[in-house]
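Okay, structure first, notes after.
Chain nomenclature is as follows: A, B, C and D, assigned in order of appearance, with residue numbering initiated at 1 for each chain independently.
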Amino acid sequence: MNYSSIFSSIYSQIDHLSNRGELATYIPELGNVSPNKFGVSLLSISGEEYSFGDFDERFSIQSIAKVLALVLAYASENEKLWKRVGVEPSGTAFNSLVQLEYDMGIPRNPFINAGAIVISDILISQLKNPKADFIAFVRSLSGNNSIDYCERIAKSEKNSGYRNAALVNLMKSFGNIENEVNVVLDFYFNLCSIQMSCSELTQTFLFLANKGINPNNNERILSLSKTKRVNAVMQLCGFYDEAGEFSFKVGLPGKSGVGGGIIAILPNQYCIGVWSPKLNRKGNSYKGMKFLELFTTKTETSIF
Amino acid sequence: MNYSSIFSSIYSQIDHLSNRGELATYIPELGNVSPNKFGVSLLSISGEEYSFGDFDERFSIQSIAKVLALVLAYASENEKLWKRVGVEPSGTAFNSLVQLEYDMGIPRNPFINAGAIVISDILISQLKNPKADFIAFVRSLSGNNSIDYCERIAKSEKNSGYRNAALVNLMKSFGNIENEVNVVLDFYFNLCSIQMSCSELTQTFLFLANKGINPNNNERILSLSKTKRVNAVMQLCGFYDEAGEFSFKVGLPGKSGVGGGIIAILPNQYCIGVWSPKLNRKGNSYKGMKFLELFTTKTETSIF
Amino acid sequence: MNYSSIFSSIYSQIDHLSNRGELATYIPELGNVSPNKFGVSLLSISGEEYSFGDFDERFSIQSIAKVLALVLAYASENEKLWKRVGVEPSGTAFNSLVQLEYDMGIPRNPFINAGAIVISDILISQLKNPKADFIAFVRSLSGNNSIDYCERIAKSEKNSGYRNAALVNLMKSFGNIENEVNVVLDFYFNLCSIQMSCSELTQTFLFLANKGINPNNNERILSLSKTKRVNAVMQLCGFYDEAGEFSFKVGLPGKSGVGGGIIAILPNQYCIGVWSPKLNRKGNSYKGMKFLELFTTKTETSIF
Amino acid sequence: MNYSSIFSSIYSQIDHLSNRGELATYIPELGNVSPNKFGVSLLSISGEEYSFGDFDERFSIQSIAKVLALVLAYASENEKLWKRVGVEPSGTAFNSLVQLEYDMGIPRNPFINAGAIVISDILISQLKNPKADFIAFVRSLSGNNSIDYCERIAKSEKNSGYRNAALVNLMKSFGNIENEVNVVLDFYFNLCSIQMSCSELTQTFLFLANKGINPNNNERILSLSKTKRVNAVMQLCGFYDEAGEFSFKVGLPGKSGVGGGIIAILPNQYCIGVWSPKLNRKGNSYKGMKFLELFTTKTETSIF
């Protein structure tokens, strides 16, 4: 399929839309990004790459990194991982704390903050040098040694991270956190601070479209069964309170971050990454969502 | 693929499992079914059919009928349907009422009871003779004129349906129910009382695997886009509080009912129906879930 | 104490306040009242009466009648009444339904709608001719045979009473309603439609300040212990989500209604009734609350 | 009234009851107390004292100290205190976190943990040497310089205080905590660790029965109006989820602690303190509640 012409046709369509939405501002660093950045990158498992706009500029991938943390923890923890975190969508944000309380400290899924904090706790227990080992894993996936945490962002998160501190303390009161509260939060805030470009994202996540194997070096990252399960969890839980909307309109497993990035997977075909910093009311990239909706509609590709 | 040998191999595996779970007993009629019934039927879009066990015995399809109600309402209401009901998973059952209250009477999705009640209300406003027209639609889909409501079941539901009466009244207090409370409940209880066999289910639902077209007569039931969207809603909301688990382990869009039936769809390939009345703790057929998990694992078919 | 001069001094103070708040409009009938009505009446157990303004004009006493329903049910049901309804304050209104669900259909107290509906159900089971017998009880308390239900108000409540219908159905689903849903609602809507003036209110409720004995005829209505308990429940649960505020600022047991009436009790001394139809944000009479706050401050009378 | 004979008669009645309930064990230190301790002390504003059993043995007063923290903060903060904490009962414990979230970090009242933590934060900002100044205040109230924090208990609380850490972090995320999280928690855990005997409790709290004046030295602690308001808040919020029950059965403002202590006030008459470590299901002293119920019933004293 000629993705190039589809990309440019959709790009011009979206260009005519006013760029609605708002920058994330809950940490000051995220508010400093130029709001009209817009990049797209598609990488197929056969190695074709189509990119557009600001596709090679790095941005804060934020919650997209939660998928990588899950992958690394799941690879060695296996199915017993799911005793500490669920696989169910979370319902509306308004009851995040009551649900955690009702479920005795077991988060609904690994992509809500509480769930990614539990995954962080698991990685800290698993890894010898947690932060160094984790970024090494990300670099090896992406084939790019310059990918790194952003200290400024991590520090900014920490300075306003009282709500996450509430979550980790609540889970520790239920016995679902093994390590020191501050150590867990430090890892978690660093995790969310990783920076990549759209094309680096597609390199990094392509194994999820390729049955768990990194196509660059044929290394198996996850078994086929685990790969499908990670995709399934993304499908149901990857877009905050808009998972249904995304599934409905785009029809691909994926994950978004409040930095305005989104990755999506069409199994056995491609990985696509988009970035545009302004967010809709639900916290997902306004233009990014539009782009993906038009793209899967035009190409008639979706998992459904 | 030789589905026949896979069916019989899985069947014998499951036969060695103890038949755990419990019959639904919230209405007396459902408790009268023989608990060891077990049937399976697969129908491909090219017309191949594989069936096993009690595949041609009718049972109460219960909530599976909610998909048919959605399809008929969506076909003529189009996208404005989604102003009255959402497409997001519902989170845990424990807060169903508070969520409805928080969302001002708009149910999270068309498959929770509140959502199917709103769809019933829409159909009552749309159809000239609601109950007769709806069953005629089901009969035409299935190609079988003997499919019908079960008066005994519908009456049994009505006699213990105070919780559903609470839901419809609450929604009416928010202005999201147009018709008389009793008329809406009567339609809804009848909807849930429809009886089919596994092989009738696959006939009826095959169009969802076939881009919206009934393969028997090439009649278009839904547009391609709407078909994908109905599948997406099933994927995210089809299994009560076990949607994630089903997506994770089975990886197909589907819908279950408390009568012990499940239908699942592999787009462009097949529709599968299973029935076994004992339910797991989340209200889904114990053996049915196991069968589908083993089936998609063995055949390596899933949407992910 | 010279209540007359205190009354007139406070009256002129409040007269200088702008009459803030809003008329209740959830039923049309309540919106038709002249918003600047303002009446006060105090009746001491020794028979002194002080009245002011529109003290002898009847208005819809609404939830104030719930106290009378509780008194009649409690008198013959005794302490086993509390198996079906609690005595704890209800917390914020926003979770009324989830709390009812969490507590398996047992309302937190007899003054939230759900609780008064359970009391109505108890009275229907107790009384031979529920509506007639109940109004006879109210008339005997007040010594006034012209007190009556207002059919227009009761009908208006019924026409928009879907939320109350939701409550009664939810409780019936938990087995905490014995009678037919419609019969219970009819009694409840009539209960809330009773009309009295401020001076009739003080006549009717004076026994709660007099150890349970009607001072007019020395008839015992409730035992001393039950009288104290009804006063305690009013103290904690009588003002919707403003019970703490009322206790804090006024310091008397009492009960308000959305018609703008309030009664309050100083045990062993007096009963006071005020009426002003405009309500504050919490649903209690704006001027009525102010009047009582100034009155107990000036007279240095309160239970604390 | 001859309190002595009433005390001994009730004591023997309660002695015949089996000592039901359980010791608080959420911190190990509280589980080490001898479960059959039982002491009572009554002190009237005219200086009469009646004591019984283990009345002069110190125990951990726990949440009873929250009243003293409120008194000290209220005395200098005045009514603007109530911008940071409410005066409404809290409803069931199960939704403590969701309510805090719904109310944007403003606790319902100063006696739930979140509320006492806010009061601690206010005192830390007010006082030069918070811990030293606060215990000096308590010592001056009680006329006893040996009253002190218990380091062992405070440390034990800190080691298992993750839930309180969750609360303070959640409130800080809403801007309702000024000081460092750890400083606030340290003060709060010390506050809860204070130890007193029943007779020291009555000395300390007698001013609340005496219009705000310490009868020992005629020092005014609180204005009359503030004293009434503190009593009102105790009445509505002093007994966790059993405030209604206590109001209903005992009919006095009071406050309990999980160490098994209770204080109660009859305005213008007396202060009473009881201690028995085994707690009922709601977390209040089993024998203590029984004693007070029988005592106010026998003496026919209550505020209602």
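The working rule: a residue touches a chain if its C-beta (ideal position, glycine included) is under 8 Å from a C-beta of that chain, and two chains touch if they have at least 3 such contacts.
What you see is a predicted model; the values in this text were computed from it and never measured.
Student: Copies subunit B, subunit C: same or different interface, half of numbers shared as the threshold?
Tutor: Interface between subunit B and subunit C is built from largely the same residues.
Student: As a quick test, compute the distance in whole Å between the mean CA positions of subunit C and subunit D.
Tutor: Going by mean C-alpha positions, subunit C sits 32 Å from subunit D.
Student: Using mean C-alpha positions as chain centres, tell me how far subunit A is from subunit D in Å, no decimals.
Tutor: About 48 Å, centre to centre.
Student: Cα centroid separation between subunit A and subunit C, in whole Å?
Tutor: Distance between chain centres: 55 Å.
Student: Mark out which residues of subunit C touch at least two other chains, giving numbers and ranges.
Tutor: Expected reply: 94-95, 98, 102.
Student: Of all possible chain pairs, which ones touch?
Tutor: Here the touching pairs of chains are A-B, A-D, B-C, C-D.
Student: Okay, in this complex, where on subunit A does subunit D touch?
Tutor: The contact residues of subunit A facing subunit D are 94-95, 97-98, 101-102, 160, 162-163, 165-167, 169-170, 172-173, 181.
Student: Which stretch or stretches of subunit C touch subunit D in the complex?
Tutor: Touch list, subunit C to subunit D: 86-92, 94-95, 98-99, 102-103, 108-109, 224-225, 227-229, 231-233, 235-237, 241-245, 247-249, 251, 253, 267, 297, 300, 302-304.
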